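Next, two complexes with chain A in common: one pairs it with chain B, the other with chain C.
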Partner chain A sequence: MKNTFIAQNPSVLWFLLALGLFSIGVTALSEVSGVGVISTSFVKVLGKMLCLCLIAIAMDVVWGYCGILSLGHFAFFGIGGYAVGMWLMYARTEGIVLESLSTQVIPPTPQEISDAIGNQIFGVVGSSDFPMIWSFADSLFLQLLMVVLIPGLLALVFGWLAFRSRVTGVYLSILTQAMTLALSLYLFQNDSGLRGNNGLSGLQNIPGFEATSQATLSIAFFLASSFALAAGYVFFAWVVSGKMGSVVKGIRDNEARVRFLGYHVESYKLFVFTITAIVSGIAGALYYPQAGIINPGEIAPIASIYLAVWVAIGGRGRLYGAVIGAALVSLLSSWFTGGGAPNINLGFYTVNWTDWWLVLLGFSFVAVTLFFPKGIGGLFDYLVRKPQ
Partner chain B sequence: MRQLFLAVILCLTSAMAAQAQELQSLLQTHVDEVAKPSRTSVSVLLEDLAGSGLPGVADFLENWSDKNIWQRDDGVFFIATPQGDDLALVDIDSGAQSFAPQSRFQQTKPNGGVRRLIGTALVQFQLSDPDPARRASAIASIARKPEAAQLAPLLAAIKDDPDAALKARKIQVANFLSARFAPDPGDRIAAINSLSKDTSVEARSVLNQILEASEGVSATPPEGNIARILDPAQDPDGFYAKLVAAGMAPARISPAEVRAALEANIVAGKVASIPLGQLDSDDARLRAYTLLSEEGLVPPLVTDEDRDNALNAHVFFERYAEPDPAITKAAEATRQAVEQRVAWAQGGDLVLDGLSLASIYFLAAIGLAITFGVMGVINMAHGEFIMMGAYTGYVVQLFVPDYTLSIIVALPLAFAVTFGAGVAMERLVIRHLYHRPLETLLATFGISIALQQLAKNIFGTQARPLTSPDWLGGAWMISDVISISYIRIAIFVLALMFLALILYVLKRTRLGLEVRAVTQNPGMAASMGINPDRINMLTFGFGSGIAGIAGVAIGLYAKVTSEMGADYIVQSFMTVVVGGVGNVWGTLAGASMIGGLQKGIEWLNPSNTLAAQTYMILFIILFIQFRPKGIVAPKGRAAAD
Partner chain C sequence: MSMLLEVDGVSVSFDGFRAINNLSINFGKTELRAIIGPNGAGKTTFMDIVTGKTKPDEGSVIWGDMNISLLGMSESRIAMEGIGRKFQKPTVFEAQTVRQNLAMALKNPRGPFAVLTHRKTAENARKIEAVAAEIGLADSLTRLAGELSHGQKQWLEIGMLLAQEPRLLLVDEPAAGMTVEEREKTTDILRRAAQTRAVVVVEHDMEFVRRLDCKVTVLHEGAVLAEGSLDYVISNPRVIEVYLGRADA
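Showing the complex of A and B:
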């Protein structure tokens, strides 16, 4: 069985090899190994990039393979981040509060501890009570469960409603975009219980590892992201190959025909939509401890559209294409907007790339859509001669 | 009538002998009342002064009330102000100024009661002043600060006012005053009842003042005009706090106070024989505190039981300041009637707001409805066309300083600019993607982010003003509750005009016929000699041009920023999808539904517009579940795709 899977998907082995070499190389060159060619902050950029690659392959499966242009997967990504961020923030604040209360003569009551933590966390939105959704914030295990459960359940309910009433194509895209907008607007409120537009911050400090340096933590998260990406890649490669993969691709190409063949199209779509949402949540849970902060702006509809842009530039319908697109565009984006790219002096006007990067991205995106509908991944078709 | 008569006499006498009657001589006939006024004697003098109709009377009364009238030892009165040992004198009639030592003068000092009478007389003067502006300001000052004594002069001044508007206003204010101050309860009740149709803020505040009630607590059944008895079980802690504030019960000991008391009574690592280490729960702390209080070291705890007993032993009530129950009863009934009317008026206001928002959504979405609905093309850059139109208006205002003219220039120019941009986009990009709708979405999104960033690079990130002409400023006040700004009316009218224009173009012109033909069957239309390429281009340009005009309209009431398009794009899409694709009436229905719904939800939860938007989007998601093709669903073969 394993042989046939690999034989059908030779790219999986190549990808795992490349990812493994990349991870070993980055670790060897990082500050942890003592070489220090790659700074801690750049390790974080690379780690975040791997998480974006993970959500990009999820997007590729739902869009490139199943034909559902979801503009809501970044919302699932954000939910994953919020779920893990709640525990990080709670546990870290609890540590700080316990330390400051331990100097008092009379030992604190549980109520006093919880009040003090609530005050620390919700002081910025003028509240001190713990909202309902923080009920499990003290348990890492339960919050990690949320990373999987909440995006999964949301996708399941939303997908069931949408697919059941046969909302397809552009309508579905707009509907998912509306869902994302509703979620981000909700989170922007101060009484949403998630600190409004302040979001959750200080997530780079991992409770229990206060003594560990950020350099070590960043490598740990980098490797974890790398592992998650590898696992996600193998899993999705398995999902889209074999009989199930054929049905899913059939739905993309002609939904009605697949339905007439007797397949229950809605179940397949719902499965793909939900499973990719869960993977998106996991990617978010790995991303935000490296980013350090999450706020509702990250979930805005535009982020999900960018996700589609990455996948389209990388090449839809092939998993490595999504990885290439996400890695390339996110790295280029941080290079251009971070001031890494040299300004171009045209004599009468100086092109400052922090201002012009989005213009370049926008137009190159139009160009890719018009002239290279297969994306960068399509170039591989010229290298690899397919057996006809 | 008597005043009129006197005035006629005076006119006659003054015409016969100029300056025959002077204020000074009139004052001399009442010399004792002026020099040593008392409440009983002064009214005759005030009546005579009022009847004289002399020009200086109001001035004199003001100065008299301010204790600026001094009497010389020969009895003559002056308006005077002390300057050192001297007095600066002003002659009462001629206004001639002079100086004299204080020793020959005596200040007149009317007491408080007299001054009040003088004030009333003054009001009467101002209320019957020949200058309408002064009359209006006198009424306004009464309305601002109503007093019982003003009622009689106001009533007296109503009849003779020649100005109808001022007269009506006087009657209204007099009504307010009678409701509060009329001596006869019957008059008051009649005045209160007459307020039941008045939804103005003033009338409502009159009622509220009559119904002013203060909270109280007593151990025995309360006396006086009781508004209501309160039930302390609603909020036991809050009511107990009132009891404590009234000094009728001991204060509760808060957890923080318990803690402080425990900390203050630590003896050798123990509090009342309980080790400190065990005090990490509320129960343990209360036990320790109880032990302390038994030793008499701290005040005893007030338990929940003590609190409830104390609450049960007292009556909490609200008592009207007004002692007469008949009046408060009438006022309550009137207030209810007024509130009913206000609620209706607010409903009307809400409908206006909803209409206004709906017309904005309609303007923003109708261009999209044409490109999306008629052509099946998703234009994510539609919002940026709105932005482009708004910036066009801004640039026009830089060159044309006259706001009215600049708007007239900007509207067609915005249409031309966005029409051009739309045609260019259709020719260069969309034409190649007609068979791949999802890719159109992505390509136009690329254009959208590029255009947004371009606008940011050219115009900067800060908001640019698009100023509306003066005649669009202000608001149409229908009543104190219902009002709508002229700019929103203008946008509403604009939306109606575009509805008519688009319907006309689509249903009555050759172009519209060709557009509909291409929409239904491009192949058949082409074989009939219609050029589908040209039609697609024109349709797309037309839809984009309308977005440009919508941009000018939206820019007039909101700020022009590079992100303004993005704010409208999702709402516009939802308007089109909810309304039903490919139908102008559908877009109208969708815009009305979304605009009305959003205002409705905001009304239910006014503090939180973000929540309103969230719930509205959730509602739309659910709505699409039940009507996936929108309110006005396409029928027949057109629905098959």
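Showing the complex of A and C:
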């Protein structure tokens, strides 16, 4: 089984090799190894990039393979981030509160401790009570379970309603976008229980590892992201190869034919939508401890549209294409918007890349769609002749 | 002899237009049947009703030895019951190989998890090769379906239906756009298929129907106008009036 799977998908081996070398290289050049060519902040950029690659392959499976243009997968990403962020914030605040209360003569009651933590976390939105959704915030295990369960359940319920009604094409895209927008707007509310537009912050501080330097933590998260991407890649490559891949691509190309062959198309769409949502949640849970902060703006529909742009530029319908697109565009994006690109003085006007990057990205998207519909990944077709 | 499919008193209207009007039609377990009729006679709507795409306003559609009703079943469920449908326009999965197309159609468990853990077996490979030989595509198994000629795509789609091992095959205008030679081959495939199952062919082309040499049902305004051999129905004055007469004019 393993042999035939790898034999039929040689790109999986090449990808794992490249990712392995990249991970070893970055670790060797980081501050942890003492070389320090790659700064800790750049390790975080690369670690975040790997998480974006992970959600990009999930997007590629749902869109490039199954033909569902979901504009909601970044919502699942954000939910994963919030779920793990709640524990990070709670556990860290608890540590600080306990330390400050330990100097008091009379030992504090559990109620006092809870109030103090609530005050610390929710003071910013004028509250000190723990909302119900924080019930499990003290348990890392349960919050990690939420990373998988909440995106999975949301996708299952939403997908069931949408697919059962045979909503397809652009209408489905609009529906997923509406879901994302609704979630984002809800989270912006101060009484949403997740600190409104302040979001959750200080997520780069991992409770229990206060003594560990950020350099070490950043490499740990980078390698964890790398491992998650490798596992996700192999998993999705397995899903879209073989007969499942045939059916899923068949649904993309001609849904009615698949239905009249006796396949229950809605179940397949639901399956693909849900597993990709779960992987998106996992990617988000790894991303936000590296970003340090999450707020509702991250979930806004525009993020999910970017995701589609990455996949389109990288090449739909091939997993490595999605990785290339997400890696390239997210790195270029942080270079351009981070002031890395020199401004161009035209005499009468100065092209400031912080503003013009989006225009450039827009033009690239149009150009790729018009001239390279297979994306950057399509260039590999010229190098490798597919054995048929 | 009990029937394979009994359609009884079925009517359906679209925006007040009665596409099917109290239609009753039966098919035996092994028979070849041609359905002809002018445009708008309800031929395609009839297929839509049997395959679950359209829900009739009234009437019953009874299937198989257990006399179960097909009404209210989903398209995929009806397909699993053993009704295969070929569309008018050839619809194969062009981005996939002939082998993959046939493998998808083979009669195997259809649930997502069964498909995810599906493994290739020698038994399935043998079935695929047998179907490919039947439709004359034995040498093309590794070709992409999109590279096939129009006629070959039609055969591939018929092959996919055969791979499903259906008990009833509904075939919509299989000869459209085919050369004379291709038509002959298509006739052979359909006639062989009808030896072990029911095959219903909707066709406009009289020559093709004549070659099928089978019982003919003439539909008109959503109901059966005449039934019998081709020579019998085309000598029927009402058929001549509504169909052939108009076609000749």
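The definition used in the following text is that the second predicted complex is superposed on the first by the 387 of 388 C-alpha atoms of A that agree within 3 Å, B and C clash if a C-alpha of one lies under 4 Å from a C-alpha of the other, contacts with A are read in each partner's own complex, and residues count from 1 in each chain.
Here, contacts are C-beta pairs under 8 Å (C-beta built on N, C-alpha and C of every residue); 3 or more make two chains touch, one makes a residue touch a chain.
This structure is a prediction, so every number in the text was calculated from the model and none was measured.
J.: With both complexes superposed on chain A, which partner does A:D253 reach: first (chain B), second (chain C), both or neither?
T.: second
J.: In this superposed model, does chain C or chain B come into contact with more residues of chain A?
T.: B
J.: Determine, under the contact definition given at the top, whether A:F271 touches first (chain B), second (chain C), both, or neither.
T.: Second partner only.
J.: Return first, second, both or neither, reflecting whether A:S304 touches chain B, chain C, both chains, or no partner chain.
T.: A:S304 sits against neither chain B nor chain C.
J.: Just chain B (first), just chain C (second), both, or neither: which does A:K243 touch?
T.: second
J.: In the superposed arrangement, which partner chain does A:Q120 touch: chain B (first), chain C (second), both, or neither?
T.: Neither: A:Q120 stays clear of chain B and chain C.
J.: Tell me which partner A:Y263 touches in the superposition: chain B (first), chain C (second), both or neither.
T.: Touch partner of A:Y263: chain C, not chain B.
J.: Under the stated touch criterion, which partner chain does A:Q290 make contact with: chain B (first), chain C (second), both, or neither?
T.: Neither partner.
J.: Find the residues of chain A that appear in the contact set with chain B and again in the contact set with chain C.
T.: After superposing on chain A, no chain A residue contacts both chain B and chain C.
J.: Within the complex, which stretch of chain B touches chain A?
T.: Interface residues on the chain B side: 255, 259, 262-263, 266, 271, 276-277, 279-282, 285, 378, 380, 429, 432-433, 436-439, 441-443, 445-454, 456-457, 566, 570, 573-574, 577, 608, 610-611, 613-614, 617-618, 620-622, 624-626, 628.
J.: Please output the residues of chain C touching chain A within their complex, sorted ascending.
T.: Within the complex, chain C contacts chain A at residues 51, 74-77, 79-80, 84-85, 87, 91-97, 100, 103-105, 110-112, 115-116, 118-120, 142-144, 160, 164.
J.: Using the touch definition from the top, list the residues of chain A that touch chain C in their complex.
T.: 1, 4, 239, 242-244, 246-247, 249-250, 253-254, 256-265, 267-268, 271, 388
J.: Mind listing the chain A positions that touch chain B in their complex?
T.: 69, 105-112, 158, 161-162, 164-167, 169-171, 173-175, 177-179, 181-182, 185-186, 188-189, 191, 301-302, 305, 308-309, 312, 355-359, 361-366, 369-370, 373
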